[in-house]
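Chain nomenclature is as follows: A, B, C and D, assigned in order of appearance, with residue numbering initiated at 1 for each chain independently.
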Amino acid sequence: MTTTRLDRWERRTEWPLAGSAAVFLAAYAWPILEPSLVHGWRRACEITVYAAWLLFAVDYTARVVLADRRLHFVLHHLPDLAAVALPVLRPLRLLRLIALIRVLNRRATDSLQGRVALYVSSSVVVVIFVAALAELDAERGHIGARIQTFGDAVWWAITTVTTVGYGDRYPVTTDGRLVAVGLMLAGIALIGVVTASIASWLIANVRAAEADTEHALQRQITALHTELLEIKALLKADAADR
Amino acid sequence: MTTTRLDRWERRTEWPLAGSAAVFLAAYAWPILEPSLVHGWRRACEITVYAAWLLFAVDYTARVVLADRRLHFVLHHLPDLAAVALPVLRPLRLLRLIALIRVLNRRATDSLQGRVALYVSSSVVVVIFVAALAELDAERGHIGARIQTFGDAVWWAITTVTTVGYGDRYPVTTDGRLVAVGLMLAGIALIGVVTASIASWLIANVRAAEADTEHALQRQITALHTELLEIKALLKADAADR
Amino acid sequence: MTTTRLDRWERRTEWPLAGSAAVFLAAYAWPILEPSLVHGWRRACEITVYAAWLLFAVDYTARVVLADRRLHFVLHHLPDLAAVALPVLRPLRLLRLIALIRVLNRRATDSLQGRVALYVSSSVVVVIFVAALAELDAERGHIGARIQTFGDAVWWAITTVTTVGYGDRYPVTTDGRLVAVGLMLAGIALIGVVTASIASWLIANVRAAEADTEHALQRQITALHTELLEIKALLKADAADR
Amino acid sequence: MTTTRLDRWERRTEWPLAGSAAVFLAAYAWPILEPSLVHGWRRACEITVYAAWLLFAVDYTARVVLADRRLHFVLHHLPDLAAVALPVLRPLRLLRLIALIRVLNRRATDSLQGRVALYVSSSVVVVIFVAALAELDAERGHIGARIQTFGDAVWWAITTVTTVGYGDRYPVTTDGRLVAVGLMLAGIALIGVVTASIASWLIANVRAAEADTEHALQRQITALHTELLEIKALLKADAADR
């Protein structure tokens, strides 16, 4: 595997982008969590969100330019394009924080299982937090809306992502429902990953016995090889004798 | 594998049938989405739906006639029979659009994983759209019905297929409940496919190590073979010497 | 495997017990579905239910007596004991109809996959029907009960077994909640079986390639064997020459 | 594997800790289930809960001291730390009863499948019982709370852990919602374990055929070895002849 220019770009921009996602998160979350924020700070947050968007747009453009097969790159990174091009999907940019988790993760744990578990659980926490923010932003103040505080939004996000869906809180606006759909998909993925991890762990245990069989096969063949070498030596000695 | 007459028929009718399913979809969806459609257009849509039904009935009959084991074919294609024979199940005919996806798919992607992912996600979109249409058709205008607009119907379909089931919208008519049952089954299948894909991917990764063991075995056996050929050459030279 | 006396008993009583379960089902379902049934028929149904119970009790006792390890048998067949001993769990006796499905199944299909699919789907249909009956029996007439017709009960059973749980219908009595718990467990099992079947099918496809590797190994080893036999023949001819 | 001092400590404290968890459970459950308990008994229960907490705190401290890598131990046993340090999470201490199940389990069953099934089902029962207690404790008496009796709490816990979530009962307090989140996670784990067990069982059945192939390989290689030994004997006899 050779590292392309795209790989180098992505490695170098990993930290700055994760950092700007964190700044974006703060500037995005503050006005939502603090509805009575004074005008000056609210304006500052808007500008910060805009600046972070600029950075993401520059990064996306650079990656398209650096890619070997540009159309292929665009088609395989549609969520990135959507997060940059559609203002309503801007919370998706926060998913870059998951990349940050990946970086931190690389240092924190050693086993593959631990890494997958830590990665999935931190991603779920980020997704729930971001979805609750976006939902609160979409619903608050609408007539008949049942999600009016951040606590309610987090509670709703958790009942949705686990597919429990009590129905005591649910979105009533179109924007809020779009957030809900994203969260439901994340929920199905979550159930899938948890189940699949347990299944692969169980199956790997069963597999241990099979690996033993294969190693026994290898030992048997090695024994055969030793015999053959002895036979060749005998034959050569025989030929030399005569 | 020899291609039977049935195979040839199915390959040839793939595109025309997918096309007539698309026309059927338009003629089925329009009066539902536009309740105030003038009588003339409404009549035209009814005739188109009827014409499409005729095509499907002809195709089904032809496939039964061409099959080698007719009873076996009928028993293994009960949904096709139901979609043709029962007017209430006519939305099932739209599932042929999924066949269209399969055809397009064959061109668009190259990897097996990409193909499965694209196929599942497009099928889910078609199923949700068709179920929302059928649900709206069944529920609208009924007393106490909570699904009165297409937006509500799509939202209800998504909360159902993901098994979240808030309960803010649910069908109250028998026809609407039948559509819901189909959608719930699709939801269980969706969770199953997502989980199974992740599991098989995880297991395949674990399996890579095993494949290495097997290839090592093959290399060992090839080395044995080389030795044996050398020994045979020695023996033959020996026999020639004498 | 030797057939024990218990095996022979179970094979011989398979059909009579499935038949008496069918009769029991009719006698159990009729008064529930027809609340205005006249006293005479209602009494006849009660007597039939009692007679079927006697048969099941005799069968259970006979199986305990015929078992080699009686305590082990009782501990591994607790649901059978519960269905016989606890009147509230008598709907469990209807699960013997699933055994009937198994018998019919043996004749109807040939492939393992078809058999599993048919078995699971018929079991789900039986479980939903029986649970709807038991639920209607438990809830009807209670204050605040939302399940008052058989149609509602079937709809509720389906939303429960798929874990969708809209919440438009739910049990309010203790007996009704016990039925619901059984149905939820069946739902989790259903999701598990569907997912596991898809996963094992996907994995089996991946496995085909591996089986090829193993067969290649076998062919290589067979080639080695042929070489060795040739060498032995050469050596023997050599020894005979001298 | 050598047994460390930590292992010995954990083996020796297994029974006393499970016992004190049982006592803790009684002293925790009694005032919740009996709201009209007289002051004296209520006080006794509080003291018992405090004493059990002391035992758990001592045990946790001892395990940290005895661990080889203390920081590693603390990071990998965060739930234990939380259960000891945060009063609101004290129901987590009851999970030690699951350890008791493990001990009893070791005696009761012989097959791996039976053990997993028994372990999962008893854990689910303990988790539902403990969650219902904690939920009732958190919700009872609050304005608008819908969980006011133990029966309701158990019913709610079961609808939550199976992810059905009718929405007829749901928590409205922050403490109650925290308990619900724990229960939803347990529900996802439950679905995961059930599905994964079925999948690994199905796959193991498919695998049986493969194991046969491997054993055939072993037999083939053993036959090769026999041939080689014969050839060596021939060669040696040959060399001795001359």
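Just so we're on the same page, a contact is a pair of C-beta atoms (placed from the backbone, for glycine too) under 8 Å apart; a residue touches a chain by one contact, two chains touch by 3 or more.
Treat the numbers as computed from the prediction; the structure is a model and nothing was measured.
The pair A-B is the one among B-D, A-C or A-B whose contacts match those of A-D for more than half of the residue pairs.
Compared with chain D, the chain whose C-alpha mean position is the greatest distance off is B.
Residues touching across the chain A-chain B interface largely differ between the two copies, under half of the numbers being common to both. Separation between the centroids of chain A and chain C, computed from CA atoms only, is 39 Å. Chain C and chain D have CA centres that are 28 Å apart.
Chain D has residues 163-167, 191, 195-197, 199, 203, 210, 214, 217, 221, 224, 228, 231, 235, 238 in contact with two or more other chains. Taken as a graph of touching chains, this assembly is complete, with every chain in contact with every other. Residues 163, 165-167, 195-196, 199 of chain D are the ones touching chain B in the complex. Those residues of chain B lying in contact with chain A across their complex are 151, 155, 158-159, 162-168, 190-191, 194-199, 201-203, 206, 210, 213-214, 216-217, 220-221, 223-224, 227-228, 230-231, 234-235, 237-238, 241. Across the complex, chain C is touched by residues 160, 163-167, 170, 174, 177, 180-181, 184-185, 187-189, 191-193, 195-197, 199-200, 203-204, 207, 210-211, 214-215, 217-218, 221-222, 224-225, 228-229, 231-232, 235-236, 238-239, 242 of chain B.
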